[in-house]
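Each chain carries a letter (A, B, C and D) given by its place in the written order, and its residues are counted from 1.
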Amino acid sequence: MRGRTNAGLVAGGALVGLVVLTAVASFFWTPHDPTLVDAAQKLREPGGGYPLGADKFGRDTFSQLMVGARTTLYVGVVAVGIAAVLGVPLGMIAGMTPRGWLSELIMRVNDLVFAFPALLLAVMFGAVYGAGTLTAMIAIGVATVPAFARVARAATLQVMVTDYVLAARAAGRRRPAIAVRHVLPNIGSMLIVQASVSFAIAILAEAALSFLGFGTRPPTPSWGRMLQESQELLFSTPRLALWPGLAIALAVLGFNLLGDGLRDYLDPKLRRIR
Amino acid sequence: MSDPVSTLRVEGLTVRAESLELVREVSFTIAPGERVGLIGESGSGKSLTALSLMGLLPEAVTASGTARLGDRDLVGVPENRVKDLRGRDVSMVFQEPMTALNPLMRVGAQVAEVMTLHGTPRHEARERAVAMLERVRLPEPGQVARAYPHQLSGGQRQRVMLAIALANGPGLLICDEPTTALDVTVQKQMLELIAEVAPALLFITHDLAVVASVCERVLVMYGGRVVESGPIREVFTRPRHRYTEGLLAASKLTPRGTRLPTVQGSVPSAGQFPDGCVFRNRCPHATPTCETAPALTGDGHAFACWHPAD
Amino acid sequence: MRRIGIWIAVGGLLLATAACGGGDSGGSASGTPKAQSLAVGFVAEPANLDFTSTEGAAIPQALLVNVYEGLVKLDQAGEIVPLLAEKWEVSDDRKTYTFKLRENVKFSSGAPFTADDVVFSLDRVKSDWKLKIKSQLDVVDKVEKKDDSTAVITLKQPSNGFLYSMATRLGAMFSRTGVSDLANKPVGTGPYVLGSWRRGDSIQLDANPSYWGTKPPLSSITLKYFKDATAMNNALLTGGIDVISSVQAPESLQQFADPNRFEVIEGTTNGEVVLSMNNGRPPFNDKKARQAVRHAIDHKALLDTAWAGRGGLIGSMVPPTDPWYEDRTGDYPYDPAKAKQLLGGKTYNVKMRIPNLPYAVASAQVVKSQLAQVGITAEIEPLEFPARWLDQVFTKGDYDLSIINHVEPRDMGIFADKSYYFGYDNPEFGKLLASADQGTEQEQTDDLKQAAKLLSDDAAADWLFLFPNLIVAKKGVTGLPENAISESFDFTALAKQ
Amino acid sequence: MTLYLLKRLAVLLASTAVAAVVVFAFMALLPGDPAEIALGVNATPEAVAALRQQFGTDRPPVAQFLDWSGGLLQGDFGTSYVTSSPIGPQIGDRLGVTAVLVLGGMAVALAVAVPLGTYAAVRHRDPLGAAISAVSQVGIAIPAFLAGILLVFVFAVQAQVLPSGGYVPFAEDPGEWLRGLLLPWASLGLVQGAVLTRYVRSAVLDVMREDYLRTARAKGRGSTGALWRHGLRNASVPVVTVLGLQLATLLIGAVVVERVFVIPGLGDLLLNGVAGRDLLLVQGVVMVLVAAVLVINFVVDVAYHLLDPRLR
């Protein structure tokens, strides 16, 4: 059991690491300019400086994939960042004052936001502020706030009844101090797990939004848009859909495996059972 | 129903988890109506011994040797051949009453289930379930039957478990620390009840006082082996194995009713017991002789020790 | 009761699904529509059916000629031919048109069609229509009924464009009793009537049983709407539709290469895909900057990559099917060095706000890449079409570059209106157009050639390509309009062998 | 239980009311005056004012809100500024289509997930059980629209056994209705099924560690029988939560599948409304979606209480 869990963790970490490395590398080097239209290379077969061939605009697929990794991470980081920055403090406040009116208010608002699924928010935000990567990410981020708030609240509730927190409270430490010194470090592991899973969901959401035309703007390479653009050539040049499809699947798989692996690794309850 | 003259005979029972021997060559018999205690510290293998008799060992843990109840084999047969014995001929009450009942099912239904499983018609089982609850001295048994487990206290739930165990009038009842999780006052009532209602009993505990109050005979386990066995009075007044001696000596220092005190040193974890006499690394009387495993010898009062106390 | 938990319920549902699925796939050959009807795939679904108050091509495409008829219509060669008017006479001063109407024409409501309806319909353009193009009929002075079957239209001054406008939606004939709910219940004299409208999916047109002319060969036509080009292709491949009215993913045409199954028709349209430049504000209020853009774009490469090489290249706002067409593609050859020189070494950041339509999104990426080579950085911003694009670009003029297919026929006049979103303001151009409209046929042709040249020289915009009319049909479908000459998709002759 | 139900119902109504305010306020942010948009570029100010009066958009927001929400209570969503047709029936039609799509997809998901997840848990040491886990992990990683495109490619375009898209109302032709829905159901159901498989697996794994399963076996049940009789209902408690979440997400998430398969569902209507600046329509659709999510949450909570006596 332990061996297999580690395998998942390692595989997930490796896939995520690959995405990160590719994204970082794309800042320094890509085989070609990923947005350069070159009619002479239209639908070029793989080979000779174009490892994965070129699309109908003659743009190098490999370079686009590399820069697309950047977009993918950008989407995930911003969406998860917004969700965590807003959700975690709210969840902690709710968890530390479980009977207060503030806690009640936070959880009610949370439930309300929860009623607006990410895609709906993205379409609404897109309608008001115009479609684009940032709008989409903010929408996904806001829609993910409740998930973080819930996890943070549940974990905080558990931490608040532990001996060390009770001792700190008895010693007269103020709540913010307890939150920073005791609660945050102890709910961190659950939040990391949630972040990893939310990251995967954000990647899928970006792909769906790109498919609907609410996602990343052209010509910025994005795996979701590459997939959407490759549709008309699915019959004749399936490789154009294959690569971005594979990239999305592997990235999502990576973040999910990482999340699951971390959960098993960090969750003391599961460890005890093993 | 059950055969009234079925005797439990266990011979050479060995329990393994992969290559680890957790219980080794355990042999004993329990005659009809006899009440036998099985004591030892945690990790001694007493619970595994009980579970192997029920065929309830965890995954990847296997038992070998023989255990027969009357003429039926309990060990080394596939589950579908022993499962009709469980709950009918042998029953078991577990240590933790809080989690042993299905939280989503009414108590009465859980008691009735054990009867319908073994052929009692549904309506009859339902009536008898209430009777069983009454028999384990639950007040207002009709109401209890309609309750869900979370509405009952720990002691009440353990009584329900006992009702389930006794519902089919089994020939043998196995209790695995049935009172450990209960309040002291509740413990006492529970023990009296078990002593009163049990047919033949295998009672597992690490509490010497409890054994003394319930059982006639005792088996002392250490390191996966039975190191001493015999009538309670003899074993407790004149322990022969050095481990039993240590146990008793330690328990005398504390007031009656407290838990088994540990012997000097600590119990090694599974697989870390020494060869030969499993107790020799903690035994003040150990000599090189002890590197050879002693056999359990003696009639009535038996023990496995090269240097027994007198 | 509790025993029948959700698991059992779920199991039951499963079985039901499986059973239905299994049972059905046996008799699955019924996918093709009935012989008497055809399904045609379109891209844009009308929001409503009132083309007197709603812009856009979707409504006239479905209804004009098919449900609503005018006095005249355009045939496939682009000639004006009689429709509800049997014939017409033009006075010597070219200001009075006398239309002799067909007898026994009835609206689908049963009301007879008379000269009163002509007066009503044309007056209504002035009083009730909410579209900009209604100004094309500003030239009409008065409309009068002579008798039930004769209508007389008097113009303020001679106009070459008048009769042509009468062939567009502006000339559509409405019943005096049939305009109460134009958005949902069209009443016309055409060969088809509105059968049903399943919003978001399809409009069904049924043959008009009391049609005055040759009865249409089909009993019904379904116009199915697809927002996704691939979905439309798949529908034709799998028999869900019989015709793709306009291919939106030209790269995918090779799927239909099998001549035993499909027929690919490539005709022309009046659609000029225009790279509009905001003449009204920097940087493109500077003619040199506009000219630089025209030199910076490799139109051949653009057409090859963005639209699979389908369509033609043009250099001004005139399609080759118009009599005053001249090849102006050589005016601004692809010359990045020249472009840089025109820009004087300066670089610019501009907003390219485009509709989120396939041709625009594809073309924009090429334009952006090519402009980047000469120092113009264009940020592409796709806007939902129509609403957001109309609002920001068309109405407010808040853009630097845009790309849109101007599909209206003979629409060079839009450049004459300086309030139009191009912001192009050259009085010379307006004079040429006015003189063309009033002059003789030859004068008209000469003036318009001049005007087109002026537009091109001024680089009022750039013309990326001429949108092709790409139709794919199942083998055996006949009577398809090869060229998209007018606003309407003419179903009159559509049939299936 | 009744008290709980009433309380929960009150919460549902209150949240729906608050949601209505939020949705209305949000729509007020949308740029553009409906009357100006409807009249186009060169409308006279008088015409715009007249149309505003006709639409009722000249009144204070509070009055407009009361009007709108009052209409909602009677099932009246108003009349579209763009299509001049009543919005309620449109939403009703589309909601029906989306509901069929989503519920069918969930049924497929359950059909996939319950047996596979249970098997993967019970046999988590077998290669096949591990393989199911792995495949479900991969299934989650595939975007639903990609699954849809691939299914169309295989079953519609290549094999030509099912239509590639389109929606035929049940009343028109039940057979075609079903044929048209099989692929959309499959593409929603397989992806969601993969997600659900993992939850079922972990729920069953958790339950398998429970003492009461051992009790059940001690009563004389086999391990399968014990799991069936005592385990699955306990395992269903967490699964129901996930099911509710998925259902809520799918209501709008189905829009991509609607796009791939050309199904006129609610998501499609929403996108149309956004593209056409049909504010009242967008407002109505968003309200219905949000209300539906709230109702789903309500049903899940109640189901929870029915399933788990400890909460009663």
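Going forward, a residue touches a chain if its C-beta (ideal position, glycine included) is under 8 Å from a C-beta of that chain, and two chains touch if they have at least 3 such contacts.
Everything numeric in this text was worked out from a predicted model, so none of it was measured.
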item	value
For subunit A and subunit B, chains touching each	D
Chain occupying the most central position, where position means C-alpha average	D
Most distant chain from subunit B by Cα centroid	C
Chain pair with the higher count of C-beta pairs in contact (C-D, A-D)	C-D
Where subunit A and subunit D are represented by their mean Cα positions, the distance between them in whole Å	22
Inter-centroid spacing, subunit D versus subunit C (mean Cα positions, whole Å)	37
Approximate Å spacing (C-alpha centroids) for the pair subunit A, subunit C	42
Whole-Å separation of chain centres (CA-atom averages), subunit B against subunit C	88
Set of subunit B residues in contact with two or more other chains	none
Multi-chain contact sites of subunit D, meaning residues that touch two or more partners	31, 149, 157, 233, 259, 271, 274, 307
Numbers and ranges of subunit A residues touching at least 2 other chains	127, 231, 234-235
Pairwise touch network: line, ring, star, complete, or other	other
Every chain pair in contact, whichever chains are involved	A-C, A-D, B-D, C-D
Subunit B-touching residues of subunit D, taken from the complex the two chains share	125, 210-212, 214-223, 229-230, 233-234, 307-310
Touch list for subunit D against partner subunit C, complex	31-32, 37-43, 82-85, 90, 93-94, 104, 107-108, 110-111, 114, 149, 152, 156-157, 160-167, 169, 175-176, 178-179, 182, 185, 232-233, 236, 240, 259-262, 264-265, 268-269, 271-272, 274-278, 303, 307
Interface residues, subunit C side, partner subunit A - complex	228-230, 233, 249-252, 254-255, 298, 300-301, 304-306, 308, 356, 361-362, 364-366, 368-370, 372, 380-384, 388
Interfacial residue positions of subunit A with respect to subunit C in the complex	35-37, 39, 42, 56-58, 127, 130-132, 213, 217-219, 231-236
List of subunit A residues in touch with subunit D within their complex	4, 108, 111-112, 114-120, 123-124, 126-128, 200, 204, 207-208, 211-212, 224, 227, 231, 234-235, 241, 245, 248-253, 256-257, 273
